[in-house]
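Letters are used for the chains, namely A, B, C, D and E, taken in the order the chains are written, and counting of residues starts over at 1 for each.
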Amino acid sequence: MKTGENVILHLENITKKFGKVTAIDQVTLSVKAGERIVIIGPSGSGKSTLLRAVNILEEIDHGRIFFKGDPVGYTAIKGKQILDSPKNISRLRSKIGMVFQNFNLFPHMTVLANIMEGPVTVLKKTKNEAEKTARDMLKKVDLSDKWQVYPATLSGGQKQRVAIARALAMNPEIMLFDEPTSALDPELVGEVFNTILSLAKEGMTMIIVTHHMGFAREVADRVVFMEKGAMVAEAPPEKFFSACMENKRIADFIQNIL
Amino acid sequence: MVKQGVIHIHRSMGRVILYALLCLAFFPSLTTAAVSDPASVFSAANNFIAAGDYQKAIETLGAIPKPDPNTSGSDFVKSRIQTASLYHALKQTKKAQAACHDVLELFPDNKEARNFLIALKKEEIPFYILFFRDCTRFLPSLLKGAVLTLALTFLTMVISPLGGLFIALGRMSRFKSFAGLCWFIIWFFRGTPLLLQLFFIYYGLPALGITFSPFTAAIIGLSLNYSAYLGEIIRGGIESIGHGQMEAAKAIGMTYTQAMRRVIIPQTYKRLLPPIGNEFIALIKDTALVSTIAMVELMRSADQMFNTYFNVNVLIIAAMVYLAFTTVFTLVFERIEKKVGAYENR
Amino acid sequence: ASFDTIKAKGELRIGLDDSFPPMGYRIDDGTLTGFDIDAAEELGKRLGIKIVWTPTAWDGVIHALNSGMFDCIWNGMTITPERAEKVLFTKPYILDGQVAVVRFDEKRFTSYKDLGGKIIGAQKGSSAIKAIEKLPVKPSAVKEYTDNPKALLDLEAGRIDAVIIDNVTGRDTISKRIGKFKTLPGFISKEPFGVAFRQADAQLLNTIQKTIDDMVADGTMAKISMKWFAEDITDPSKW
Amino acid sequence: MVKQGVIHIHRSMGRVILYALLCLAFFPSLTTAAVSDPASVFSAANNFIAAGDYQKAIETLGAIPKPDPNTSGSDFVKSRIQTASLYHALKQTKKAQAACHDVLELFPDNKEARNFLIALKKEEIPFYILFFRDCTRFLPSLLKGAVLTLALTFLTMVISPLGGLFIALGRMSRFKSFAGLCWFIIWFFRGTPLLLQLFFIYYGLPALGITFSPFTAAIIGLSLNYSAYLGEIIRGGIESIGHGQMEAAKAIGMTYTQAMRRVIIPQTYKRLLPPIGNEFIALIKDTALVSTIAMVELMRSADQMFNTYFNVNVLIIAAMVYLAFTTVFTLVFERIEKKVGAYENR
Amino acid sequence: MKTGENVILHLENITKKFGKVTAIDQVTLSVKAGERIVIIGPSGSGKSTLLRAVNILEEIDHGRIFFKGDPVGYTAIKGKQILDSPKNISRLRSKIGMVFQNFNLFPHMTVLANIMEGPVTVLKKTKNEAEKTARDMLKKVDLSDKWQVYPATLSGGQKQRVAIARALAMNPEIMLFDEPTSALDPELVGEVFNTILSLAKEGMTMIIVTHHMGFAREVADRVVFMEKGAMVAEAPPEKFFSACMENKRIADFIQNIL
């Protein structure tokens, strides 16, 4: 199935099981270029697994993933889906930026080296090119003065912004954020959201998992609600926070979070 | 004092009487020992020695005359050396020396008498001076052996971390059979004595048609053994790095190999240095085991010199050399530890 | 080679394993010394030729002789029938053999017969182990050691009662550890030493043998023996 | 297949030609070797062997006839045994056996031929059966040695924790000189090879007038060494218990000794078990070192049997026994670890 | 100097230095039987050191300590004060109960064993006697049902109450509390204070270091303010929280804490 030209990512009926737990249950989702999707849902509902399935950090059991119209990650051999070659998967991942809850910066590299690592090692850019990009990205996340320090000296918010810069340095087509602020002290959440918002304004396509409803409302084109691995509801934020509230589960969930 | 002296006399008199009776009873030949026959002199002296009466033995041995020019003189030498030994046993050093000089007068080259004089002279010198002399005497040869000890240590220090990394990655490999092989290597080499391993490689393998020089066998044995140990340590180090690091590396498009080389393994350095340092210090000492497969390193040279000179100081000096090595290594490793991976402290 | 070619060259090459005290070995500073060294150097002086010592591994010593690496082996080589098939030996010039070493102040035994039921030590794999079977009485236990000095140390420490060892090695140790050990009188087995030549070199052997005979006759050999063993063990009349 | 055969023939023909040329050039005597003279037959055969042409050597040896009744037959025996060896080298077992039987026909008692036949028969038995046979043959004696290995291990396991505790408390003692002594013990015994320590205790100390039996010497050496290691481990364990525990104990009126015995040390058990378990497993293997001081434990019995039978399987079986010991110990320690100090998990 | 009959503890001019830092500076303080002293003061002012000096966990440099009229802890030999024998010090400590900020329960013993340990090991009581006392003390701190669990399973407040029971089991003449609630979550503070208050009602003599002014006011007979090792002010709570507030430092300190 070829999807519309402006669709960056298309998930078709994907399912992932861990033993008896169905972490993703037949999810179908299309993300158009420039679109901002926010995924919400209770703990264990499969949000992280869904993001991880997108860049094949998790191998799915059924379904297909299309990136810019092409099926990626798996090849069908004799009717069975098997994982693509590591090389192809790496190439796909390099086009998808991912930001983790725990930052996962490389502690043994300076901030600049963290950001240069991908461009140099994966994209085979020269050091000079990579450094230029890295400095640009640092400017974007407003941390130009921290280029030479090690991550351990940064605050949580600064760490997350470096992580965003590191992902951006790969010049990704889409960004995935998995609860980017949930490991942060409350007063540091704002700076990370601001960075994401400014990215959104530049037209970056992204999928964000978050529990911050205010932020969801502000940034999202569409809000997706997941429960027990399945997509239960999906709507633009205005509609989501009004109409969908009639769904008791969603209403309860949002009530609990606020 | 006087009283003690009396008792002493009484005792020795008692002994003399006892001895005389014994002689009469069991060694009738002794009482009539002809002075002229060397063989019977020696046998008589031996009997006196056996009975513990060294003084009488010395007297008996004195019956062997200075040799005529036309005899070999061996009986004379033998008797005087034995006399010297007996005086030595009685702690009469001067008289023992005199007996030795009797021999050297006629046979200036005689090794036994010469060695005896040297030994007697040594006993008069205080311990610490002797020890210092022994140091200057034995250290050069021991250090020659120590060169091999260091060579074995350094070579193994180069090979085994590589082997260990290979085994560690192997154990974490997706290929079950390869992971199993690496597990087996670790289990086997950590579960059997290094001594037995060296033995097998050096003495056992030739029976299967594989023959190594001692040095090669030593390096193979040490390297395999230490690779197995380091393998577990390195695996522990790699597994102690959070899973998130691998995922973050993969997420920016790195392959497994790239992630390992650029992200995971560099982070293990700091954590691995202390346990690896400990292993290397153990290694210095374990090189002593290759002395059993005909390699003349520090332990073996000490052994050889101890065998030649029967001098305990050799062992003490060797211990000092090992201590110097292990201490220096410890200090060096502490230094390196402080320098590597400072990023975690900033 | 004939004696004439040796004489013309001016040097006699002698093969040896230079770690066999007291026959031929090196002292601290590396100089070669020993009974065989003294005897051969004296012989060289008498014949007016230089002695060139050629160290070699004992394992392949006969092969090395036959391949011409040196002209003879003079290194406490025991005369055996098997060896005699491959090389020519001189007449025995010294008597070696297995003896029993006991502590100097040993009071319990004076002859081999007294060793019955005692603990005896010997070097692992040496001919001393075989000699123990030839003892007139059976020991209670045989302890094997990696080397002779270890056995003698255990003897000195009182952990064993006697060490069976070959005569020259035993005497060498006794001379270094004066007042510690003595040998029991007599031999358990007798192993005469000879100098070995290639089978083709009978003429050379004859010349050398004559000189050795001279050295025995004028007491030179006895003197060298006195120096090394404090006893004349070169005198066949005492064997 | 056919083609390969052709090539093979060509190759061996080439070798024959090459060989023939070599013979003509260097061994002119060979081509004219008289069949009648045994000495020249053997020397010709030897030359063929040296040139690598076993087939030709066998043919040459065949020239030695069956002996007349009035000759010794030694040449015949020698030639046939050599023939058998050559066939054996060519892996033609049947023919090698035939050559041996040739000898036995005339000299039914000939030991050499008999042994050769036995050896040949052995080679036909599959490895695993031979190995199993060797197991039943060698295991009993090895296990006898292993009893001593276990005795040494257990005794040291009892003594060294006590020694270690003593040294650990000593190092933390207020008496500076005692603390210094304990530091020295640790430094010395961890800085020199156990082999050297055992050597010194067994062979060195008698020179200073202290003589131990091998077993005592082994226990002293192992215990001192392991006490030093455990001392550092135990000290680490004690120091890892927060200072507050000692203060709380003191605050209810406990003395230092009471606090140590009742409060501090019991808390270290759980933490100390894993490192102490590791040391004990190392200990099992280190007992192999006492084989160097004339103790016939597992390693030494394996060595002795290997020297007697030149059978590599002895070493392999010994390794298996060690593996069994270390594996069982590991499992037992893992069990104990799970049980001890469960309070931390509840 | 013999002090009045009803004085349990008398500190005379005690001074303690750590290197150049003077942790206690010539403090003189008398505590009568049944009296409740609360010590307040900024961090590092020597409050803990003072308490620790009382039961000789810290060796003082100058001054004397009298317990029930007798000098304790030190003997004067040739004009120099040296530490008493460990035995005497242990005996003194067994009469002084101490409760630490971090509870310091013995983790390898059950709650009951923790409380029995002192009576059995130090007072040489029989197990039966000690167990009876221990159960009584547990009842006092309202934890009768927890006698057989290990400390790791208790909440902070429960741990501290066990610690109090452990001290009480020694039947002390005086109790020292060093910030007994500062390691607790706010909602657990109350239960510990209630336990201490009920002790106070029973007439237990005690010295309490705390930052909780409300509690100080409620429990104290006298409030002592320390600064830089010295006792700066000392008054009954009513007077302290009014008159002493004229002292700017004290006022600032209390302002900051509230």
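Everything that follows uses one rule, which is that a contact is a pair of C-beta atoms (placed from the backbone, for glycine too) under 8 Å apart; a residue touches a chain by one contact, two chains touch by 3 or more.
Only a predicted model underlies this, so the values are computations on that prediction, with no experimental measurement involved.
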item: Both-way neighbours, i.e. chains that touch chain C and touch chain A; value: B
item: Chain whose Cα centroid lies at the greatest distance from that of chain D; value: E
item: Pair of chains ranked first by number of touching C-beta pairs; value: B-D
item: Whole-Å gap between the CA centroids of chain B and chain D; value: 20
item: Centre-of-Cα separation between chain D and chain C, whole angstrom; value: 33
item: Whole-Å gap separating chain B and chain E, where each centre is the average of the chain's CA atoms; value: 61
item: Rounded Å distance, chain A centre to chain E centre (Cα mean); value: 55
item: Junction residues of chain B - those touching two or more other chains; value: 306, 310
item: Residue numbers of chain E (touch at least two other chains); value: none
item: Residue numbers of chain C (touch at least two other chains); value: 150, 153
item: All chain pairs that touch each other; value: A-B, B-C, B-D, C-D, D-E
item: Of all residues in chain B, those that touch chain D in their complex; value: 187-188, 190-197, 199-200, 203-205, 207-208, 285-286, 288-289, 291-292, 299, 302-303, 306, 310, 312, 315-316, 318-319, 322-323, 326-327
item: Chain B-touching residues of chain C, taken from the complex the two chains share; value: 21-22, 28, 104-108, 110, 147-150, 153, 174-179, 185, 219, 222-223, 225-228, 230-232, 235
item: Residues of chain E defined as touching chain D within the complex; value: 55, 57, 86-87, 90-91, 93-98, 100, 102, 104-108, 117-118, 121-123, 149-150, 152-153, 163, 166-167, 170
item: Contact set on chain D toward chain C in their complex; value: 203, 206, 211, 213-214, 292, 294, 304, 307
item: Chain E partner contacts - residues on chain D that touch it in the complex; value: 242, 244-245, 247-256, 258, 262-263, 266-267, 341, 343-346
